[in-house]
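First the structure, in the form of structure tokens, and then the observations on it.
Labels run A, B, C and D following the written order; every chain starts at residue 1.
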Amino acid sequence: MAGNTTGQVFRLTTFGESHGSIIGGIIDGCPSGIRIDRQFISNEMQRRRAGQSSGSTSRIETDEVEIVSGLLDDITTGTPIGLLIKNTQQNSKDYEHLKDVYRPSHADYSYDKKYGVFDHKGGGRSSARETAVRVAAGAIAKLLLAHSGIKIDAYVFAVGNISMPETQYYERNSIDKSPVRCPEPDVSIQMQNYIEKLQADGDTCGGAIVCYLNNLPPGLGEPVFDKLQASLAAAMMSIPSAKAFEYGSGFESIHLKGSQNSDNFAIREEVVIPYRNSAGGILGGISTGQPIWFKVAFKAVSSLMKERESFNRKGEKVIIPAGGQHDVCVVPRAVAVVEAMAALVLADHLLRQRSARV
Amino acid sequence: MAGNTTGQVFRLTTFGESHGSIIGGIIDGCPSGIRIDRQFISNEMQRRRAGQSSGSTSRIETDEVEIVSGLLDDITTGTPIGLLIKNTQQNSKDYEHLKDVYRPSHADYSYDKKYGVFDHKGGGRSSARETAVRVAAGAIAKLLLAHSGIKIDAYVFAVGNISMPETQYYERNSIDKSPVRCPEPDVSIQMQNYIEKLQADGDTCGGAIVCYLNNLPPGLGEPVFDKLQASLAAAMMSIPSAKAFEYGSGFESIHLKGSQNSDNFAIREEVVIPYRNSAGGILGGISTGQPIWFKVAFKAVSSLMKERESFNRKGEKVIIPAGGQHDVCVVPRAVAVVEAMAALVLADHLLRQRSARV
Amino acid sequence: MAGNTTGQVFRLTTFGESHGSIIGGIIDGCPSGIRIDRQFISNEMQRRRAGQSSGSTSRIETDEVEIVSGLLDDITTGTPIGLLIKNTQQNSKDYEHLKDVYRPSHADYSYDKKYGVFDHKGGGRSSARETAVRVAAGAIAKLLLAHSGIKIDAYVFAVGNISMPETQYYERNSIDKSPVRCPEPDVSIQMQNYIEKLQADGDTCGGAIVCYLNNLPPGLGEPVFDKLQASLAAAMMSIPSAKAFEYGSGFESIHLKGSQNSDNFAIREEVVIPYRNSAGGILGGISTGQPIWFKVAFKAVSSLMKERESFNRKGEKVIIPAGGQHDVCVVPRAVAVVEAMAALVLADHLLRQRSARV
Amino acid sequence: MAGNTTGQVFRLTTFGESHGSIIGGIIDGCPSGIRIDRQFISNEMQRRRAGQSSGSTSRIETDEVEIVSGLLDDITTGTPIGLLIKNTQQNSKDYEHLKDVYRPSHADYSYDKKYGVFDHKGGGRSSARETAVRVAAGAIAKLLLAHSGIKIDAYVFAVGNISMPETQYYERNSIDKSPVRCPEPDVSIQMQNYIEKLQADGDTCGGAIVCYLNNLPPGLGEPVFDKLQASLAAAMMSIPSAKAFEYGSGFESIHLKGSQNSDNFAIREEVVIPYRNSAGGILGGISTGQPIWFKVAFKAVSSLMKERESFNRKGEKVIIPAGGQHDVCVVPRAVAVVEAMAALVLADHLLRQRSARV
């Protein structure tokens, strides 16, 4: 079966290509009774929009989300929620010269191998354009999660070789102050300068995002294959350009002894909890009720502002002219996508958890 | 819904607790016509078995796999394959003193929060004992993959601070020569010494495994949510103690510019291919036909050979005596589990791919 | 999980309410390489449209289907197909007097019990309006099935007490000649007269549809729970107003002895086949390659052209005025829906079957 | 994907062939906290066992169910429940003469067409032997349903031409008094006589089962594709030999006018309810809280006690000797299977319903 659905109880199915007239999705399984705050959705979309920082793509979409079903007086009714976002900046004709051409490090090649055809217009389905729908759906997931007090906050941890000193929780306010969504002002400025320099060079760069999940109830996650970290990892690795995922002590775990990394329990306010939370909020695939944090690494965008050689489907050499619409660094915009995917995972597990006990 | 099934077309569902009489699983969706080589399955099980290297648990199971359905004259018939593995070393009485006790950094606590009950006998369902079934099913997945020539080879890359110099492909022979499954003989010896030292200290350690997937056909992976890397990440992060996953350039991608990490195409034997494979064998979530490699990090086992303080369900302080059955370092045995999970993912995507074209 | 998705490999997810601005759906898993014939889709939609025979609802929608993704030059690309159909005749204000009112024998009551809310505007999600999307998606499924030569033909077998003499196959031409889609001209006229009489009385009636599946390859259907007849039954019983399903000898089987109803094999054109096909084209849940036929019974529409008493959510008695938009007999229009659902089931099983053998 | 799993939240996956050593299944998604009454399960199995009435197969299995996981002190823990039932009467050698032979009206032929292989030993996977696992799992589903007070009662309504006068509810006591599970004593005796006569003739017969679902909460069922009647129909049509399904007014609906079949609401004990329940307990695919009843028709067993001609895979004519193990009429034993499948459907929908509201 094809892979355009995510989630089991709270499910999102999406459609749409980069340069089609419209992209969209259906949320099935959203409970009734949630007030849909359109301004909130709009704000979330805004965080993913291009044009907020240096090095942003020249394609700027308004990204207005139409909700065409599933509501009565702005309250969810339990029926599927149809989401539509018009592509206003698509211009298919701009892409005629790429017909049958494999752009280097893009998915044209692998789509062609899989389907025997590929949409040459801006990457078609493989474009990160589709993540706009994820952010819209993630906003609705967040409104569900808000009923349980759950909070999700991601920020840019590293861009190229410029990195924050350590992983810790930041308020959204301090994150959103930064045009690159890095909550440490000094580091933020360095990141912007670096991105501007790369832009001048016609180059691009990778980066990393850290995400915190707070106020989670204990009990989320389904052993043995759908452990919470497994669902989060799949969700993050489904984001275009993501190359790595770690949670809690992550790769550092390799170097830690059991005596260093194992956590004792303690009593806090008459309740037993793991007191250092060295596990990162998950034990045996199930949330403990303590904060979860994870990091996602993104590679540099493969489009460069340089003329490049490549091949077409017939194996003929072709020259791809410099140009195209892309970001120098996707991670500032990907913050919204990481949060949206985390929200979709948590909404799904929150509902799945309702069947755990008789 | 609960999470004891993995895969969509080639699906494994498992059951069983660490100290139950039996563990097992059902493979549904295995195509007919595959010859089941029982010796091969037995060899795969052997690679996961305890007792092959220093620091291994004292619980040594025979791990004989009974295949009780789905075969006619040792050929698969297309009907579900029932797998049963008897627990021969379980002794539930040994665990009475742990009734209602939360062992530090184990899943007792989170299972209790989720289900209102937990099996105190050796971790119950949260024990890595369940991975024996994954290895048995993975062996059958490998037999399916062998029809397409696909190969899977994992090895231990790091144990604590002892690490191989670089990620590259190794033949299984060189891997299996090492009791810790590290194909570089010098590093292997250092790892063994380190594990022995930790054992003497009553401590444990983490490590990392690298896995190579070779001879994959192009076209495996389902955009957008079930990208091949997303399925692999979920599978790996579902293994007990796994804390991080990366593929291709992984976390290093953060530091690479597009001009460094983007790959051009080239012609090899009259066929267009990405010539450096800097993407790590996957573009847009779909295999390119070139090698895929990924790394998984594991934390140290949380059981220590030391008396420890903890709490029980009532919030009373308890002393857990030193002892119990566990490995000093799980990664040598986890090599078989990583390969099995990779095999399950690839078998599933291989069959899913059959519906890509009319 | 909610139930707005059907199919496992060829999957349709739908959204939309009767009086929303738009209804639609996403087909995920449609193979690449199918030419989409828009005229064919339009014809299929036309068969479900109101206004073709006596007793039809006064709400007449144009039902133009927009395909907004998944195509390149009108050929499927393997990516999800977005389908949108605008509601042009919705007028939500017409329904203010029904706010909080349970219409007799409608789903307002049960939706309210389930979700704590219901959309009073024309039945909301429970309206048969949603079947328009099924017909659009079914048309695409038929285009896939046409690659294998599979044909689906349904007709009206009975309306009230007026029934055809026996179940047999009819060509679509002879079916479509009849405004009530009954291929026997005499019976067709009686049905029309009966419907007109009921309309004059302000009453409604039930009916039955027979459907034939021809040129199926053997091997479709998945034992044991997803037998072909199980999938067909679920699909048919998901159609609004459907009350019964039978295939092959159906309810008549109760009265037949094994010696009457069991079928011998014979050789036809050097191939072994079940020669009478008394099983109705399915043995053990798997198609034999011979014709399959089934019958679906529909109840009368519950809306009557009469003033009626009912209750609102508070338990207060209310009077519902005569009126509203509905058909006297839905079965002529349901022919298109029955075919569409059969097409969706067969498309799904055709693709599932691709994994049966190594 | 293959079809050996049923349910979405409360899920059963089964394995096993008629003449394998063992059959079994895994329930995944059973909530924690249910006391497993082994005597109750044993009683349920007993109702399906052969040997209780005339015309029963000579193969009499003890059908003892081993529960090998998912319990602690006989209380469910939320982890998967492994069910094993040994086949004690299988004797594979008895079937060597049927190797490669297509038995008339059996599934050998269609399995061969699907998988390129079939298990000739007693029907392999297509044998009704697999329904023993359904009854075991259904018993556990009933224990879950009992927490909500839900009751399921099925009985034999017709055998051949001998039928009860009308559909109504009967207590289980009156049903179980009858060896053919027909609660009307006179009709029961006629049925037994008829079966004995057919046995003497070496013939077999069909029949019908009626099932009542009582004390259901309103709100079960998921529009639009997973309506409660759709799930019930699929479950019933997945039972071997089932040919037809109807609920509420069923096929009779064809003949009823809206003015006859549409139901008004009334106030009972200060609550609004549909007062005649002509809908049969379901409106818009969702339970109303009133009784649901449905009928399932079964064809006669295809095995006759007569020598028969048939063909083998090569197209050669073969003679199948009289004999084999089968029932003259399966419906008395199928009562337990109908109830079990209904229980699995309701358990699943009961848990799915937990996500309907925020």
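Some points to look at:
Note that in this section a residue touches a chain if its C-beta (ideal position, glycine included) is under 8 Å from a C-beta of that chain, and two chains touch if they have at least 3 such contacts.
These numbers come from a predicted model, not from an experiment.
A count of contacting C-beta pairs for A-B and for A-C identifies A-B as the more extensively joined pair. Centroids built from CA atoms put chain C at 46 Å from chain B. For the pair chain A and chain B, the distance between mean C-alpha positions equals 26 Å. Note on chain placement: the centre of chain A and the centre of chain C lie 39 Å apart, centres being C-alpha means. In chain A, 1-2, 4-5, 8-9, 14, 29, 32-33, 78-79, 111, 114-116, 125, 223, 355-357 are the positions where the chain touches two or more neighbouring chains simultaneously.
Chain contacts here are complete: no pair of chains fails to touch.
Within the complex, the chain D residues that touch chain A are 1, 9-10, 29, 31-34, 76, 78-79, 144, 147, 223, 351, 354-358. Looking at the complex, you find that chain B touches chain D at residues 1-5, 8-9, 11, 13-17, 20-26, 28-29, 32-33, 68-70, 72, 75, 77-82, 84, 111, 114-119, 124-125. Residue ranges on chain A touching chain B, taken from their complex, read 1-6, 8-9, 14, 102, 104-107, 109-111, 113-116, 125-126, 130, 158-161, 163, 198, 203-208, 218-227, 229-238, 240, 242-251, 253-267, 270-272, 274, 278-280, 282-289, 297-304, 306, 308-311, 315, 352-353, 355-357.
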